[in-house]
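Look at the two complexes coming up: chain A is in both, with chain B in one and chain C in the other.
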Partner chain A sequence: MRGDRRILGSTATYVVCIVVALIAIGPFLWMLSSSFKEPGDVISLTPHLLPNPFTFDNYVYLVNNGVLPFIRFLGNSAYITVLVIIGRLMVCALGAYGFARLQFRGRDAAFGLLLASLMIPDMLMVLPLYSAYVKAGLIDTHFPLIVPPIVANTFGTFLLRQFFMTIPKEYDEAALVDGASHFRIFVSIILPLSKPALATLAVLTFVNVWNDFFGPLVYLSDVNKFTVPVGLAFFQTQDSTQYGPLMAGATLAIIPTVLVFVFAQKYFTRGISMTGIK
Partner chain B sequence: MTAAPTIEAPPPVATPVDEHEVRRRGARRRTLRGWMFIGPVVIGTLLFNVIPVLPTLVTSFTDWDGLAAPKFAGVANYKEMFSGQDPLFGKSLINTAIYTVGYVPVGIIIGIALALLVNNRLRGMAVIRALIFLPYVTSLVAVGVISRWVFSDQYGVINAVLASFGITGPHWLGEPGSAMAAVIATAIWANMGFNMIIVLAGLQGVPETLIEAATLDGAGRFSRFVHVTLPFLTPTIFMLLILQTIGSFQVFALILVMTGGGPGDGTYVYIYHLWYEAFSLRRMGYASALAIVLFAVLLAVTWIQNRLSKRWVFYQ
Partner chain C sequence: MTSGSLFTRRRLLQSGLGLAAAGVAGTSLAACGGSSSGAPAGWTEVTFSSVGDPTTQKMFKDMIAAAQKESLDEHKIKIVWKPAPGDDWASVMLQFASGTAADLQRIDDDRVYDLATNGKILQLDKMMQDATNGFDLTKYSPTFTTKVAVEGYQFSITPGMSANALYYNKKLFADAGLTAPTSWAEPWSWDDFDAAVKKLTKKSGSRTDTYGLQYAVNTIQATAYGAGDTALYNNQTECGYGKPETQDAIDKQVSYIREGYAPTIDVEYLPLFNAGKLAMTWQAMDISAQISKDVDWDVMPWPKTPLFAMTKNYARTWVIPKTAKDPQAAFLAMKALCGKAASEVMAKAQFAVPALIEVAKSAAFTDHPRPKTANVWAEALGNVAGKPVDVPFPRGPIGTALADSFVEGTNANNLVSGKLATADYLKRGRDAVNAEIKKRGWNGTKGKELLEKGGALADPDLKVAAK
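And then the complex of A and B:
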């Protein structure tokens, strides 16, 4: 009797879970399927999930439309994202080591400064930065999308610092006795032990930079320098009813983050529950 | 402890000057070394995230196109906002407030409900959690593009479903009220996984012994949730409230893609106004003042929420 009730309960849970999961991913399935449909089928009033006939036309249109170079957008997004990930991991890990494992003058004041900077909304910085970039000739370059995200990431520094603090101090001390320098300890002891935290920062950075919209929107005007999100938004303003190509574009914008998410899911959820921030 | 000997030779001391010098040099070396590690992120943060705040404050008192030298304008920018000369300022503030009030509480409640739903050890639950979380990692622009279509009056799936029940769906994005509702619904959908994960983390802090005790005392599911689980979740809910409110005041990408602030000014939100003033009208001085006011509003809202939290947030 009790067993029956429990089975009934878990069946109900499953049913609700599946409905919710379908609500969560349904729009993406629909997007994916529509991106392979012919124009008439895309807006058909008797919708069907599987594309029939199946076509790559929307993707071909996206790539060859002669106005918006979508392949370029993908390339721009990819190289910016990779550079920021590599640079950010280095700068944040160095800083985190200093904050977590060294004692020196000015450390706590500097840490306080970083903490305070987290509370300032980006909007308070963007206008002076914009005019500084104009004066320096850096508008319409990728500099504002690459360098500040690398060198000014307090969040990543905090994330890694939290992790570095959990590594026993005895490791450093033993290495110091053996005559290793702090840089050596950082590279050959702390970094290898911190792979999960570094992976967490890498995947969170990937999603942030890949999806960034405001930065490219404000700092870029040359279509050839666009990243995927601005390119897609721009495409929509040009062709707001071309649902097939738009869905193909959305698919290309989403697929990289979905792949990263699928393969590195545990790092995501860990990072987010550790910090409460993306 | 044994009695200390009353007379003892003083410990050998090196010449005080030497020791001082050595220690000072060691400290200097340590400081230098420390700054070699933290230097890049501290300087980068100062340069890009701290120092630029000051010019924003200064230019908010000027008339400035972003290129030529700013002309001092006193409090004219602030006066323009608060004297009603810029009706879009008030309108955008109201729209932002509507969005925030519509999105934040419902988003958090849905997050709690989802967390409770998937907080069990049934097989396959990890997959379900991942699927619910998925929209959160996707580009808001792509989400907006999809959502525009979902809410399209002619070709949208929502109106197709409504039609199958014989209901004629509204022209969602064509009316200010329903357009705002569509944007809010999309935001809730896109962020429900985030709220779920945060609440799930909070749920792990609820002592199981207390829940068991309540069960033994005959408390039902609902009363167990209200009297045991919920109090332990209040710090998590409070954190979400602060985070999501601050985020809501800065909603932009979704609006730009889904409605462009329209129809009319129906979804014209604060950051949209700031962006438009700064980069379309080139009124950087005025936009700076808008940024300063945004910061002040965020500080005030956070402060108020913090004060109110003492009445309902329960810390262990």
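And then the complex of A and C:
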């Protein structure tokens, strides 16, 4: 009797999980399917998942439309994302080490000030930053998309500082007794022990930078410098949407994110538990 | 650390190599594709920017190439194309705010008024009337100087307009024994139209299998003007749409939704039209590319409602920011893009009706497999019996209030979803607009005062439209 109830319970759990999984995966399947459909087939009175006829035209149009170099957009997104990840890990880790391990006057006040900057809405900063970049001649370059996200990332510094605080200080003290410098402690003790936090920050940075639409939209005007999200926006206008190429582009754009998720799944979940940010 | 460390030199090296490889791959991909081309030495560069999908952007590139060949190469002016993505004007507005907009910027016509009164764009009346470089306005449709004028002054040029008309399914018309009108000069009367809508609609009990008509809420403006009404009364000090004929005309139109002859606005019209389940749909020109090849379609005018048959066209328009590097070169580039060669590119793409009349009437625009009656689009820019076919809708703050109250937002949505009676719709809309007029102390001279206050009028005594 109890066994039957248990089987019934787990069956119900599986059914619920499968239904929820289908609901979650539905839009992705629809995106994939639509990318292989003809224009009139994407929105139809009788929606169907399987493309009929099956066509690669949307992908061909995406990479060979004569005006938008989509492959180049992928390349731009890739190199900007990689540079920001590398730079952010380096800068945030150094900053976090200072706040977590070094004793200096005004440290806590400086950290409080840093945290306070998190309260400033990003949109408030757009116009002043834009004007500053104009004066510096940096508009229509990748500089605003790479350097500020590296050097001005409060969240990353906060995240790593909190993690560094959990590492016992006895390790540092032992190393100091052995004559190690702070840089040596940072490189040989703190960083190796902080791999989960660094990986989490790397993954969150990847998702954030790879999907960034507003920054490239605002700072770039040369078509050869655009990134994937901006490229995709060309297929959606006020008057109409080219769903086929848009879905084909979204499918290509999502591949790196899926790969990162597959290989760094545990860091995603750890990132959620460490930061409370989904 | 010990050999069990997570960050051994080897692992660090591997990770570094991995990231470096990704970076190299990214850089290599980024190197693919063309590079931007500036102006050759000794030439003047004019940047041109517009939103638009890849098809539209390709057309702009072709228009630029045609304009270069026709006249700009001779003047040593090079247009540099800078496409902007999609449906978002945020970056364009930011560029205007920071003084980095393109020398020649295509924008939403609704934004010209604000940009002009804020002193962001150049007044063009003087350049347009310049005997050596100006336009021969007799060659352009009447709406060329009136469509997006700001209090009668020219702050933009509109080389083409997307005409709105009724797309109809020819097979459904043939099955119903109907012949569609082919000119705005001979549109259907409301009674003819009403009979056609009812004949084309196929119902099974309370369910509609085939709709006779689908329309958007912005037809309300055409319907009201077609009833002999206007949007504003008494030198712009009172909201219009107060005539009983207007209420009657709108009520008849909305009754199609209430009675199941037309779908509510939340229903996607395109799948219905493509599936042959919709006989007539009121749309702009850009949807023609999205209609299924299996549907045999054409276009016809909106009916008389009941006095006149009118439409509401849409236009993106071109402006020269005050920050343009060389305004004269930008104007010449603008003129060249309104010229014959560039207009023919636009006509062949059937992107919009070219304002240049000879091109709008030429085979470049009319000789296409569909529609057979492209003249219905072309006529939408002109006059019938001395009256514009296109509704002369007010702009500026009161124009915005009118649009918010009658065309967009809750009031309009409630009307066309059958939740609001026509009388209540008109009353609420008029109350909102009158409140805005009162709040601003608005009258017919306020618009010019705003222009003067914003330092927009370089030549207050010059008006192209007045000539």
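To be clear about the criterion, the second predicted complex is superposed on the first by the 251 of 278 C-alpha atoms of A that agree within 3 Å, B and C clash if a C-alpha of one lies under 4 Å from a C-alpha of the other, contacts with A are read in each partner's own complex, and residues count from 1 in each chain.
In this text, a contact is a pair of C-beta atoms (placed from the backbone, for glycine too) under 8 Å apart; a residue touches a chain by one contact, two chains touch by 3 or more.
Keep in mind it's a predicted model, so treat the numbers as computed, not measured.
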Three-chain arrangement built on chain A, chain B and chain C clash or fit: clash
Classify the contacts of A:Met123 with the two partner chains as first (chain B alone), second (chain C alone), both, or neither. first
Which partner does A:Ser131 contact after superposing on A: first (chain B), second (chain C), both, neither? both
Is A:Ile86 in contact with chain B, with chain C, with both, or with neither (first, second, both, neither)? second
Quick check for you: in the superposed arrangement, does A:Val218 touch first (chain B), second (chain C), both or neither? both
May I ask you to decide whether A:Ile43 touches chain B, chain C, both, or neither, giving the answer as first, second, both or neither? both
After lining up the shared chain so the two structures overlap, which partner does A:Ser188 touch, if you call chain B first and chain C second: first, second, both or neither? second
Per residue count on chain A, the busier partner among chain B and chain C is B
With the two complexes superposed on chain A, say which partner A:Asn64 touches: chain B (first), chain C (second), both, or neither. neither
With the two complexes superposed on chain A, say which partner A:Thr11 touches: chain B (first), chain C (second), both, or neither. neither
With both complexes superposed on chain A, which partner does A:Asp239 reach: first (chain B), second (chain C), both or neither? second
Region of chain C that runs into chain B when the structures are aligned on their shared chain, from 77-85, 95-103, 239-247 or 455-463: 95-103
Where on chain A do the contacts with chain B and the contacts with chain C coincide? 43, 45, 126-127, 130-131, 134, 214, 218, 230, 233, 236-237, 240
Chain C-touching residues of chain A, taken from the complex the two chains share: 39-40, 43-45, 61, 65-69, 71-72, 74-83, 85-86, 126-127, 130-131, 134, 139, 188-189, 191-193, 195, 214, 217-218, 221-224, 226, 230-231, 233-240, 242, 245
For the complex, give me every residue of chain A touching chain B. 10, 13-14, 16-18, 20-21, 23-25, 27-28, 30-31, 42-43, 45, 47, 91-92, 94-95, 97-99, 102-107, 110, 113-114, 116-117, 120-121, 123-132, 134, 148, 150-154, 157, 182, 186, 207, 210-211, 213-214, 218, 228-230, 232-233, 236-237, 240, 243, 246-247, 249-250, 253-254, 257-258, 260-262, 265, 268-269, 272-273, 276-278
Which residues of chain B touch chain A in their complex? 27, 30-31, 33-38, 40-50, 52-53, 55-56, 59, 66-67, 114, 117-118, 120, 122, 124-125, 128-142, 144-150, 154-155, 157, 160, 189, 192-194, 197-198, 200-201, 239, 243, 246, 250, 252-253, 256-257, 260, 271, 274-275, 278-279, 284, 287-288, 291-292, 294-295, 298
In their complex, what parts of chain C are in touch with chain A? 1, 5-7, 19, 22-23, 25-36, 49, 51-58, 61, 81-88, 90-91, 94-95, 97-100, 102, 108, 268, 270-272, 274-275, 277, 284, 286-287, 290, 292-294
